[in-house]
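Letters A, B and C mark the chains in the order given here, with residues in each chain numbered from 1 onward.
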Amino acid sequence: MSKKNNPTKNDSVLTKSVQAIAVTILVFGAITMIIPFIWSVITSLKSAENIFSHSAFWIQFPPDFSAYKQIWERIPLLLYAGNTLKVALIVSIGQLATSSLAGYAFARLKFPGRDKLFFVYIATMMIPGMVLLIPNFIVMKNLGAINTHWALILSAVGSAFGTFLMRQFFLSFPSELEDAAKLDGCNPFMFYWHILLPNSKPILTTLGLMAFQGIWNDFQWPLIVLNDPSKRTLQLGLSYLMSEYYTDWTLLMAGAIITLLPIIILFFAVQKYFVQSFKFTGLKG
Amino acid sequence: MKARLPFIMLSILIVMSMLLGACAQATPTKAPAADPADTKPTAAPAVKQTTIKVMSFFAYDNPEVEAAVVKAFEEKNADIKVEFESVPMSDIFLKYKTLIAGDVAPDVMAMNFDNAYVFGAMGALEPLDKWITESGYDTSTIFKSTLDMFKVNGVQYSMPATFSDVVLFFNKDLFDAAGLEYPQRDWTQEDLVAAAKALTADTNGDGKIDQWGYTFPWWPVVLEMYNASIWSKDGKTCTLNSPEGVKAIQSIVDARYEGKFSPTADQLAEQGDWDMFIAGKLAMFPTGPWAVQPFNDKITGFTYDIAHMPAGDKQATHVYANAYAMAAASKNKEAAWKFITFATGPEGTKIRQDGKYEISPVKEIAEKYYLAALAGASPESAIVFMEVQDYAVAQPVHANWSQIHDSIYPELDLALTQAKTVQQALDDACVGVNAALNK
Amino acid sequence: MAVEPFPQMKKKTSFAKRQRIQEAIWGYLFITPNFLIILFFTIIPVFFALYMSLTDWNILSTPNFIGLENYEKIFSDKLARETFFNTFYFTVVSVPINVFLTLLLAVLLNQKIKGITFFRTAYYLPVISASVAVSLMFMWILANNGLMNQILGSMGIEPVRWLTSPKIALNSVIGVTIWKGLGLNMIIFLAALQDIPKELLEAAAIDGANAVQKFFKITIPLLSPVIFFVTITGVIGSFQSFDLVYNMTRGGPGHSTTVIGFYIWRQAFDYLNMGYGAALAFIVFAAILVLTTLQWALRKFWVYSEA
């Protein structure tokens, strides 16, 4: 915000106090958000006998890494993480591609039946997913995809949610850009490729991240469609460590931290794309 | 441009989805795809192999145990190959249901007592009586209560592979410190309450109790102890709200709020009785042989032993068992039966028992080896697990068991937190139970 | 209604017609890959489920066609009514709070503040955690003597039975749901805020608009397609909420936290009334459809660039 141009003094005072309030709210909120995670880390580093014997934020020193060691020794962690990473990456890229194309078509191209079809899209999201579990399994079986990673990939590379999201974003894309592109002889695909996508990084990043984490944390579907131990995903693999009779808190929390870390790293890595740095560069000049 | 990769992916996806789409449309209503077992090429040229699919939750968190059973079976039966898959207990039944619905049920499925009943009653399992007679299988070697548990209307649907029962685990050191006599077989509720009260204490003086006397077993066991039942003999009416039922549940409420020697639901939410016992903060804890291995691994600083459950209006406890069943839709029933008899027979159950997964339902194996395997380790009186067979009965079960359970559980919750009187809660529970019984 | 004539063209020329056909071809081409996936993994399964709802299928044996019996049964199912009410309450409370808070957060996090990366990550953390872990975490935090009551206790407030009181438990579950979902809509709004041309805001500032005026006159209208999205997916999401209830309360105490998603699961997979569960699912579908159609019809009045 350009303060120099601000005509009134009042406004900048307001902005300052607003900023102070903003930071206060953010700090308070952020504490609420991360306390449970700090607690998880602390818990995962306690010895079993100390879990209940001290207050929640009592930190054991030296920390006990045995839960992490146990996970490392009892399941092929890297294999499972690799499987999950492979599937999640393919799904994110695939979902980005199909959703952005479809979202663009629904938002900006005119074709017969467009709005009706789009309404069907939204409607498909309204059926509670659990009743689709068995039908989906049967479709997968007929495609011959059971016990392959295709079963995880295929059902997720296209998404009504993603299409809806992309459409809503492309709706507000300035139409001058599209007109200019048309005059330059761009066909819709060229416009999509050269102008729309490069100028939509924040939302593409957002959707990509959502697709990635959806696969990363999914448990039930991999449980049902995979049989082979070597094909297991991370969440599925970790479930084999949990006892039938009791909750092993250190193990559980260590597992949660291990699955969380890669996505946190990913989040940090793509963070910068949340901010549009060169919006509409295609237009100027 | 660096975003080229998505595009290559996309074109592949388009082509692929069309190809896959086409092939799926060509055969939409065709009979279910052939069982994977049929299409498997024979592995060894010399022997013609049958492949069966076995799915199990037995010792899933220690997969070597059941894998050893499978391996021993394959060694003895060169003509049968077992595709074995281990699945966590909490999710395996959902997986079975989906696979059965998709017409790709495993040939052999591990079952627990209530799901075995439901799956059997719904026709998903092969009745085994014919197989037992034809193969001349001697069932008298197996504990009768475990066999009976897997009968639906008198028909045997699964063969027990493990058995367990609920007994009283107790912390010997806490009893010694309080100068109390250890629990005896002839203990009644009065003895239990007296000991439990004496063992309940606030050890660090902060005004909050941090050492408890007793926690209750699962409520159906408590019902059994007071001659109460959930449904009438003909299985048509709810009898939970009978005076016996009210007395049974009231005993839990009284222990929590009057005698105050048993933790409330809120207190248990912080730390479960399992963890409390391991931490030495619970003197008496009813549970089963599945606890032995974890307890021996984790308990340090005190010794524990087991005893008979103190009698309510009668001496009672429940036995449970897990079993192997054959899918009604299996195409390899001969081989499946062979596997079941091995895995639930003396050899299979011994491997499992040695792997510390519950007790063998085969009398000889249980009596000869279970105690021997535990010699020198806790619990000293492991024989109690066997003695319980004198009076223990199987937990009653019904084809609509989960619905019955879910009708009772929420109401019980309200009774145990004193949000409702016991009578009121059980009356209300019976509305749902009656509906489920007469579905 | 589908093909709107180009407003700027009074007469249809053959050139315009050809262009229109071309555009339609591009349109169909672009939706094809996505549509095929939706067709196979949602639309076909939905019709399958619709058929299931007309049968007495129990998953384990062959289904019998029973017509609308399952739907009739819903009207006499007291528990179904209770769970619909719970779900409605859940939606009415959680969606507005979620939209308000996430919009607020996104606006705040769109400022130049030190440590912005940290804040964004912090708010996004719950979104990326698995529900099971979050549930167990909160079962402990909200236990009678848990962290929450310890904090309240230090301020002299009586302990609250967050998860074991039938009057409070549903609110606790809603609270955890909001906590877990904040980051999701936050990053969507954050992305949307990037699309607001800075020139517009600067121009408004020169015209003497203050921050609040700018927010309501420029930001909100430009965000409206996304607010529309977030509201619709929020309603859909809360009508289908299942994970946290399943893991934290199993619908209890009593039936106080039994929401419809959980009830459908129970009927379909625990009680093996798949037909009845599917029928319930289509009632949910109808309810959301009515709500969405309403929003869809109204969108032309408030959603910018939809008109």
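Here, contacts are C-beta pairs under 8 Å (C-beta built on N, C-alpha and C of every residue); 3 or more make two chains touch, one makes a residue touch a chain.
On a predicted model such as this, the values are computed, not experimentally measured, just so you know.
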Pair exhibiting more inter-chain C-beta contacts, A-B or B-C: A-B
Centroid-based (C-alpha) most distant chain relative to chain C: B
Interchain centroid distance [CA atoms averaged], chain A/chain C, Å: 15
Centre-to-centre distance between chain C and chain B (centres being mean Cα positions), rounded to whole Å: 37
Of all residues in chain A, the ones touching two or more other chains: 97-98, 101, 134, 138-139, 143, 154, 157, 247
Residue list for chain C, restricted to those that touch at least two other chains: 33, 36-37, 40, 59, 140, 146, 269
Numbers and ranges of chain B residues touching at least 2 other chains: 10, 13, 17, 20, 24, 94, 97, 101, 270
Chain C-facing residues of chain B, complex: 10, 13-14, 17-18, 20-21, 24, 94, 97, 100-101, 118-119, 122-124, 265-267, 269-270, 400, 402-403, 406, 409-411, 413-414, 417, 419
Interfacial residue positions of chain C with respect to chain B in the complex: 32-33, 36-37, 39-40, 58-61, 139-140, 143-146, 161, 163-164, 166, 251-255, 266, 269-272
Chain A-touching residues of chain C, taken from the complex the two chains share: 1-4, 20, 22-28, 30-31, 33-38, 40-46, 48-49, 52, 59, 104-105, 108-109, 111, 113, 117-134, 136-138, 140-141, 146-147, 150, 179, 182-184, 187-188, 190-192, 194-195, 197, 201-202, 205-206, 208, 210-211, 222, 225-226, 228-229, 232-233, 236, 239-240, 242, 260-261, 264-265, 268-269, 274, 277-278, 280-282, 284-285, 288-289, 292, 296, 304-306
Residue ranges of chain A touching chain B (in the complex, touch as defined): 48-49, 51-53, 90, 93-94, 96-98, 101, 133-134, 137-139, 141-144, 146, 154, 157, 193, 197-198, 220, 223-224, 227, 229, 239-247
Of chain B, residues touching chain A in the complex: 3, 5-7, 9-10, 13, 17, 20, 23-24, 27-28, 32-33, 57, 60-61, 63, 83, 85-91, 94-95, 97-99, 101-104, 270-272, 274-276, 278-279, 290-291, 294, 298, 300
